[in-house]
Amino acid sequence: MPGTPPTRFVYLGPEGTFAEQALYRVPAAERGSRTPARSVGEALESVRAGDADAALVPLENSIGGAVGVTLDELAEGEPLVITREVILPVEFVLATRSDTKPESIRSVAAHPQASTQCRNWLRAHLPDAVVVDVLSNGAAAAGAATGEYDAAICAPIGATRHRLEVIADKIADHPDAVTRFVLVSRPGPPPPPTGDDVTSLAVYIAHDRVGALLSVLMELAVRGVNLTRIESRPTGEALGRYVFFLDCTGHVADVRLGEALQGLRRVCADVRFLGSYPRHRWTPTVGERPVPAPAGLSDADYLDAAAWLARLRTGDPT
Amino acid sequence: MPGTPPTRFVYLGPEGTFAEQALYRVPAAERGSRTPARSVGEALESVRAGDADAALVPLENSIGGAVGVTLDELAEGEPLVITREVILPVEFVLATRSDTKPESIRSVAAHPQASTQCRNWLRAHLPDAVVVDVLSNGAAAAGAATGEYDAAICAPIGATRHRLEVIADKIADHPDAVTRFVLVSRPGPPPPPTGDDVTSLAVYIAHDRVGALLSVLMELAVRGVNLTRIESRPTGEALGRYVFFLDCTGHVADVRLGEALQGLRRVCADVRFLGSYPRHRWTPTVGERPVPAPAGLSDADYLDAAAWLARLRTGDPT
Amino acid sequence: MPGTPPTRFVYLGPEGTFAEQALYRVPAAERGSRTPARSVGEALESVRAGDADAALVPLENSIGGAVGVTLDELAEGEPLVITREVILPVEFVLATRSDTKPESIRSVAAHPQASTQCRNWLRAHLPDAVVVDVLSNGAAAAGAATGEYDAAICAPIGATRHRLEVIADKIADHPDAVTRFVLVSRPGPPPPPTGDDVTSLAVYIAHDRVGALLSVLMELAVRGVNLTRIESRPTGEALGRYVFFLDCTGHVADVRLGEALQGLRRVCADVRFLGSYPRHRWTPTVGERPVPAPAGLSDADYLDAAAWLARLRTGDPT
Amino acid sequence: MPGTPPTRFVYLGPEGTFAEQALYRVPAAERGSRTPARSVGEALESVRAGDADAALVPLENSIGGAVGVTLDELAEGEPLVITREVILPVEFVLATRSDTKPESIRSVAAHPQASTQCRNWLRAHLPDAVVVDVLSNGAAAAGAATGEYDAAICAPIGATRHRLEVIADKIADHPDAVTRFVLVSRPGPPPPPTGDDVTSLAVYIAHDRVGALLSVLMELAVRGVNLTRIESRPTGEALGRYVFFLDCTGHVADVRLGEALQGLRRVCADVRFLGSYPRHRWTPTVGERPVPAPAGLSDADYLDAAAWLARLRTGDPT
């Protein structure tokens, strides 16, 4: 039922990945059920089908960029909305069985993105080990646990789950790397505004109009709506056809964001609303501070202007 | 009382000028009283004081440009609104007493703007006559009637009133010259939209903000509001401080013009609404055709977008 | 000859007006000849014809606004360029013959704009006097000198010339009122840049293009060129056809203004260059301070970008 | 040596993938050496090191979107430039050893992106087969050849190389899917303009300036430069810090694109030029037609405006 807090959660599996770790940041998920899904598509499909109330999936990574499959799944099919974001530091560890001696490591299992992010550490500390590509961080840990590989690059939770020993932690080359996960539900009333919210959109522009993207940005700029992220994804029709994923500062309940949304609705071929939700408060060194409404663009300014217009229309030009 | 048709009219005198002629184009004025005023300021003051219901004053001329005093009077003091515009061809005639022979004309009385507009004709037909500056077209006709001058350049109505004979008509160098007059009343509900309306505004921008005028134009452009006139007038404080008079296509009751007005209200130091009124239908060779709402900017598009936003806010993102 | 300092000056007469007073602010004019002209048109025509080297004419007044006839004359006919501006405080005085007693003043001669600007003073000090409209401030002084009127509102220089006694000075309601005069010559190399210059332009836009004026402002804004004045004047063809007179911050020799000029040349129906000249340094309470080039828009930034482009084109992308 | 046609080519391996197939579209590569690289990074590194003259790597796919690793590698390290693009239809085939009967297929090896793109076909024709994720299309073919899996989804060239039999071709759900590859070299003079060129850029904007992306688009729009692609990639510093990859219509040797590039150089934190090269002529159903220069923005218009400015600066305002 809309408004009922979710109790059945799915997340991008397998167990022991960053997604599971991120899910523990959602208070309701600690009390509810938590089921791993084999893919982002499967996770979202189980929400659409009503088998789960909410899915936690990765949206972007500060090193690897957008998670294309998540964007594509949100843009297509039955509408879903984001109700929460979770920003998780990406802390890779090197883990082995407890009986493995560090100097005997000859093979390291890692998801290609993980080994890429730990390239410098591997060069410095395990220059002679062979890095073997596997399909997830969880699979790397599992492979080390069975003895197929001598070691695994994985998330801390992956080492714990597979009873591995962490012999080096924080081995990523970018110590500040984070992944942004989103909690996705079936449509319902958005969480109430907090004063520092994000609104996510998927915007389709007329591909044959020069300056169409400029028009989109002007609709936002004129209302003082700040854009914190823009990603393009192909629509699949042809090269050069894109859907743009925008994260805007503000909440659908704010007057100025509401006016901007209406403007986009009018000038774009299509706009899909992907949710308004509180901005994650992460550590001060990462990310931006909330931006106050520019002069003339606060809700109070909008109310004043609306009241003035109402007076004008009744013949009172003051 | 608001809504009551005006019956007491004033106009920029003296009698026998173009303003009186223009007033006859207003049906209600033919049945009401018509009083000349000595100046635009006096005409508008008598409306403000309640001594008249409406004043007809010149706003701009296709040759001489804006009538600064009218703009200044509209921008200051108690608010007044334009309820109608009248476009009048400026037809200058050369008029004399009936006993004056054309070849004996030695002096021609004319308002300086009138003689400027007839310069070529005077050079060709009366190269030796002295042109004497007087303070109005009506004064020129009066001076010819008393015999002070041999002839007058004046409006046809001026010749009629002073029982002069028109010995040459349409003597202006620009045969298509027109003057735009406006009928001004105390504030009240604007005339209903006709689908081809004008909205006049006086806009004060922050003089110390680079690009402030650009912001104003963007507020209009984003809503597809067309600007048909822009005039700057000094505010009187200092050089470089201007108030801008804008004529926009549309009516205050239109959704997109309403949104644009609210935008101006928010970004400008001040906005004074000067009325929404039907565009004068003049002859096809003069002026623009009505411009339909651009794609996405019709009232229907605005209603659709507002309904969509309302759905979003209740949790229905379709 | 181009480059030769002007020695023969004309100014908008008659003698004893503000224009003559302003001409004394031009050092070369003190040493050269100074001839009054009967009209702005006559003054500029004598420059075009080579009978004078430079003409001093009014361009705008902080109370009365633009002087339309000057704008029109600059926009049409053989090109002329502004080489200097002079800002003159408008100080009106009440002057009488020395034998007139203040309490006996029954009639005051004044140009209509002068009496308008002194309205409050007249109401307070001469509530019973009749104000008689005359055609120039100089004519007012002359009329008082001959005894036709008891007093005149005129410029200080007018009182001096006609040997009148100033019985009240600074009688204007706006004590800070100024008039901006410009010195106009036949085309020649502009005065060298000073770091705080003005460039004046007359710009014709395609009247049937929605947003044409917005395009003009964007050409300036993208180059960080500040607009200090914009005036529209009818082109004379029809209502709704305007030429825009722009004053921009910068000099035609500046790189960024040069690029903006080229942009206007490309997007506008026509652009007439009306000169680059030093901004008049007036008193601190009147007008703006010079605006430094925004980040990325200094001549040094332009040179850096041009050098980078040149490298790119030869295959060096650094 | 700059200007010498490349003879030593690398491509994203292993052998038998789409990249090798695309390389055959480059005439010089048919005559030169062709070496597979294990990763995009390795391919580009061998060009940087001088071990190869040019590398062919994937840039984007009409279904899967941008290839992030290629963008990241182009944006960092020693500059490289794109000299050519190749658009290749993505034709997936199902291949088996010649002795495998279709009805006996129980396992299908596929790169996850390949199986995603053939999802509908698999559901319809092999609903009971297990799809096994492998790390490249070439690895899938190799696995089928060794008998590890019953079948492989791969490129036609993969089937040929591993002597597999194609038992179904064009099995992708989007029959028009294409991948865009780029040929990348060390910096040198760009290929000559053809009248239909692409210029690729990596643009860093000031992350703390509201509207910074709008400024970038305005620099392009004012010069009529069309944007055919925009991709954001994280810079790796923090969430919310992006580098934008732009594909613009035009060539660095074009005047208007040159001016736009200079504008970006001035307003952006950094701009990296990634090459000007001919647009690939693909089939009419895919992609856009070349867009002629808008009114006022052709090279001829730029030359005219530059000549006019030069005249102005010497004192000839015509």
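In this document, chain identifiers A, B, C and D correspond to the written order of the chains, with residue numbering beginning at 1 in each.
Methods note: a contact is a pair of C-beta atoms (placed from the backbone, for glycine too) under 8 Å apart; a residue touches a chain by one contact, two chains touch by 3 or more.
For reference, the UniProt names are A, B, C, D = Prephenate dehydratase.
These numbers come from a predicted model, not from an experiment.
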- Which neighbours do chain A and chain D have in common? none
- Separation of mean Cα positions, chain B and chain A [Å, integer]: 57
- chain B to chain C, mean C-alpha position gap in Å, rounds to 26
- Message: Centroid from C-alpha atoms only, then distance chain A to chain C, rounded to Å. What do you get?
- Response: 59
- Message: Give the residues of chain B touching no fewer than two other chains, as numbers and ranges.
- Response: 218
- Query: Considering every pair of chains, which are in touch?
  - Reply: A-B, A-D, B-C, C-D
- chain A-touching residues of chain D, taken from the complex the two chains share: 60-66, 68-69, 87, 112, 116, 133, 135, 174, 176-178, 180, 207-208, 210-211, 213-214, 217-218, 221, 224, 226-234, 236-242, 285-288, 291, 294
- Over in the complex, which chain D residues touch chain C? Could you list them? 2, 79, 81, 187-190, 218-219, 222, 252-253, 258-259, 261-263, 265-267, 272-274, 296-297, 301-302, 304-306, 308-309, 312-318
